[in-house]
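One chain, chain A, appears in both complexes that follow, with chain B as partner in the first and chain C in the second.
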Partner chain A sequence: MEKADIQKIIFAAIEMANNLREEDEKITVSVQTALYGQNGELDSMGLVSFLIDVEESLQDSNIQISLSDERAMSQTKSPFRNVQTLTDYIDLLIRESME
Partner chain B sequence: MTARNILITGSSRGLGKELAEHFLRNNCVVIGCSRSEGGIEHPNYHHYQLDVASPDQVANLFFELRKEIKYLDAVINNAGVASMNAFALTPVKTFQKIFDINVQGTFLFCQKALGLLKRATHPRIVNMTTVAVPLQLEGESIYAASKSAVETLTQIIAKEYGCFGITCNAIGPSPIETSLIKGVPKDKIDKLVKRQAIKKMATPADVINLVDFYLRPESSMISGQVVYLGGIS
Partner chain C sequence: MIDFFLEKMKESPSHEAVVSSAFSANYGELIKLMDNFTCWLEEKGIPEGAVVSFDGDYSPSSIALFLSLTQNKNIVVPLSQDSYRHFVEFREIASTEFDISLLGDEPRLIATGREAKHDLYKKLRETKSPGLVLFSSGSTGKSKAIVQDLNKLMGKFSKQRKPLRMLIFLQLDHIGGVNSLLYSLANKGTVIVADGRSPEKVCKAIDNYKGEVLPTSPTFLNLLILSKAYESYDLTSLKLVTYGTEPMQESTLKRLGTLFPETQIQQTYGLSEVGILRSKSKSSDSLWMKVGGEEFTTKIVNGTLWIKSDSAMLGYLNAPSPFDDEGFLDTGDMVEQEGEWLRILGRKSEIINVGGLKVFPAEVESVLLEMDNVEDVVVFGEDNPITGKMVAAKFKLNTSETPREIKARMFAYCKDKLQPYKIPSKIILTEDDTYNERFKRMRRLDKDSH
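Right, the complex of A and B next:
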């Protein structure tokens, strides 16, 4: 799976989260979008729900990885800080799962 | 009404099997799992042979399950092992086995089930604990400690995932005639039963009654609770 495909899945999960949000609370669908931590759009439970959606979309593409991570809730080191770091992290996990 | 999908661990015998048969009688689809083969022949029963403590095997189960079902109404973490021994004489291997199955197994199933539970209308998690926790039974230090961990998991999962509508509760059966207590001497069981407010052995039906209560749609305000049978508190 290419990084662009991973990004599509992340964007779809953002859209899913947006379905439950008011118009003025919608998350911007962009690579730069801060997800969690400083200026992040998601609180801890929002992040959990979002990551479950991402994991399940990956499973629909026959990719079985777990997004649980020791650093998940870290404000500075979390791989879930923004769309870019999450894309890189998923890409890394997919590569590791193929080794 | 669409059929409820219920996942039960340790469903090949004892209480797990009784629970599976109960839900099958009530037109539910039951996904069972255990280390051994299923032992239930029913069109709505689907058995997966696995080790509940194995992260890979549990992940695979949910990966496969997502292809078959769109949501999960309830997860009943029934699989468990007990061991009677003095604390000083308990081998580390026993400690690890008990914590692997009772704690890690419950952890894995709760965690991996969240995605499918989130899609159900009234999602429920039911974990199994023991009266050995409140009674602090001698000879059951490791088993009781593992179930203390399950109780804490239950209460914190209830808090974290209440926002998804998921309730998470636990049941602590008083002694029941199952394979779990077959190694416990009769006089010890008798003594234990005498300490209960209701001085008799429990039956699987008593547990099923409480599971049914937790699973009812009307029980949406019941979460993070640990209920012991026999009037033990």
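Right, the complex of A and C next:
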């Protein structure tokens, strides 16, 4: 899966999460969007739901990876900071899973 | 105690006792059937105190056999088709000495060669009391076998109450089914048996036999609303609808009130272990109720309801005694209290702890059921490394939608109705029934089945 496809999945998850928000609170769909942590749009409940959504979309493309696990939580720099870091992290996990 | 019931039945032999599309019998005929069984039991040499199972759903025969076994001071193990997969297991746990089958034209008897020596059975034999063995639904794994003293259970019905035409919803292997039958027999009532438990068949039976009382479950009532089966039948005879066994969804209750404005809707509260408590709903559209009655005492410990009752079970055959030193039993139900009124929130074991916040499945289900195209939904917890547990929902839809479509709709619908941590993060679609044979939502089993 190309990084561009991963990004599409993340964008779709942002749009899904936006269903829970009022018009003036919607998360911007962009590569720079901060997701979780400093200035992040999501709280921990929102993150759980968001990551499940991304995982499910990946499963639809036959990619079985777990995003919300010990490994992700214990990284010194959280992979959930923004769309770009999450894209890179998913890309890494996919490549590892194919080795 | 059985004599009291027989006296009552003899008072009006021509009164209709039980009716369905397949059979009907008046009290006189029921007594005659019972006499036949009494001779048969004697002929077959079934002694007083023996543990006897029988299979067969509600019919004049099964009712008569139940009464004959009670009169013979047997320990009765009623088995219904609801649990046919467990017949062998249940007979073993109960250590039945005789198994009777009513499924053919003639009753068949098997002597098992087992000897039932459990201490609880000994207690019943010492006091020369008939007994009853019921099985819990086994939501936590193995079914627990509950031993009741039938004399105590029957004793509750000695006070005269209104004769009613009651639709039987639960079988004789369930405390609710036994309770309905005993009420009916003690008060010259009529038991109505539907051809099945679909909303259509239940409505048809109410219409055909002028049913006045429908004791049922919230899940069934929800299906009734969705099926619109009530539109095709005359249900004006229905005076009272009772629901128990699981928390009611506020949304279902509201719609029922609109659909059946003339019918009283009342919550009942009962457990196989302590029997059915007399209860009173604050109003037809209220989830607040008073429980109790002369023979019950209740207390609330850490938000959980405990009950003490004269007609409580003697104990479990296959589990330790659940009673505390004062004889109170932990119901496992979390409740909210306001003066003398109680509101059942849900099973303690079914609470979903999302990052330290409590979620009761019934509250979430109530909101999700209001959505379009939802036939039924069960809400339960799933492990999540971030919040410990997260909320998941398994939907059964009327017409097909993709998981993402329903999820997007659900988010939009719930955003101003539920706090964020209560909104399901995960959605599963199913074609299967989301409830068991007794129309009770299956939350725990779901977790293992996907």
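Here are some notes:
Methods note: the second predicted complex is superposed on the first by the 91 of 99 C-alpha atoms of A that agree within 3 Å, B and C clash if a C-alpha of one lies under 4 Å from a C-alpha of the other, contacts with A are read in each partner's own complex, and residues count from 1 in each chain.
Methods note: a residue touches a chain if its C-beta (ideal position, glycine included) is under 8 Å from a C-beta of that chain, and two chains touch if they have at least 3 such contacts.
Note that the coordinates shown come from a computational prediction; the quantities given were computed from them, not determined experimentally.
Superposition note: with chain A as the common reference, chain B and chain C are in steric clash. More chain A residues lie in contact with C than with the other chain of the pair chain B and chain C. Of the two partner chains placed around the shared chain by superposition, neither chain B nor chain C is touched by A:Ser97.
When the two complexes are overlaid on their common chain A, residue A:Ser49 makes contact with chain B and with chain C alike.
Using the contact criterion defined above for the overlaid structures, shared-chain residue A:Glu70 touches chain C, although it does not reach chain B.
By the touch criterion stated above, A:Asn39 is placed in contact with neither chain B nor chain C.
After overlaying the two complexes on the shared chain, residue contacts for A:Ser61 are found with neither chain B nor chain C. By the touch criterion stated above, A:Thr28 is placed in contact with neither chain B nor chain C. Of 6-14, 96-104, 132-140 or 276-284, the segment of chain C whose C-alpha atoms clash with chain B in the superposed model is 132-140.
Note: residues 45, 48-49, 52-53, 56, 68 of chain A belong to the chain B contact set and to the chain C contact set alike, using the contact criterion stated above. Against chain B, the residues of chain A that register as touching in their complex are 45, 48-49, 52-53, 55-56, 59, 64, 66, 68. Residue ranges on chain A touching chain C, taken from their complex, read 16-17, 19-22, 43-49, 51-53, 56, 68-70, 73.
Chain C contributes residues 354-355, 384-387, 390, 403-404, 407-409, 411-412, 414-415, 420-421, 423, 425-426 to its touches with chain A in the complex.
For chain B in complex with chain A, the residues that touch the partner chain are 59-60, 63, 66, 111, 114-115, 118, 160, 163-164.
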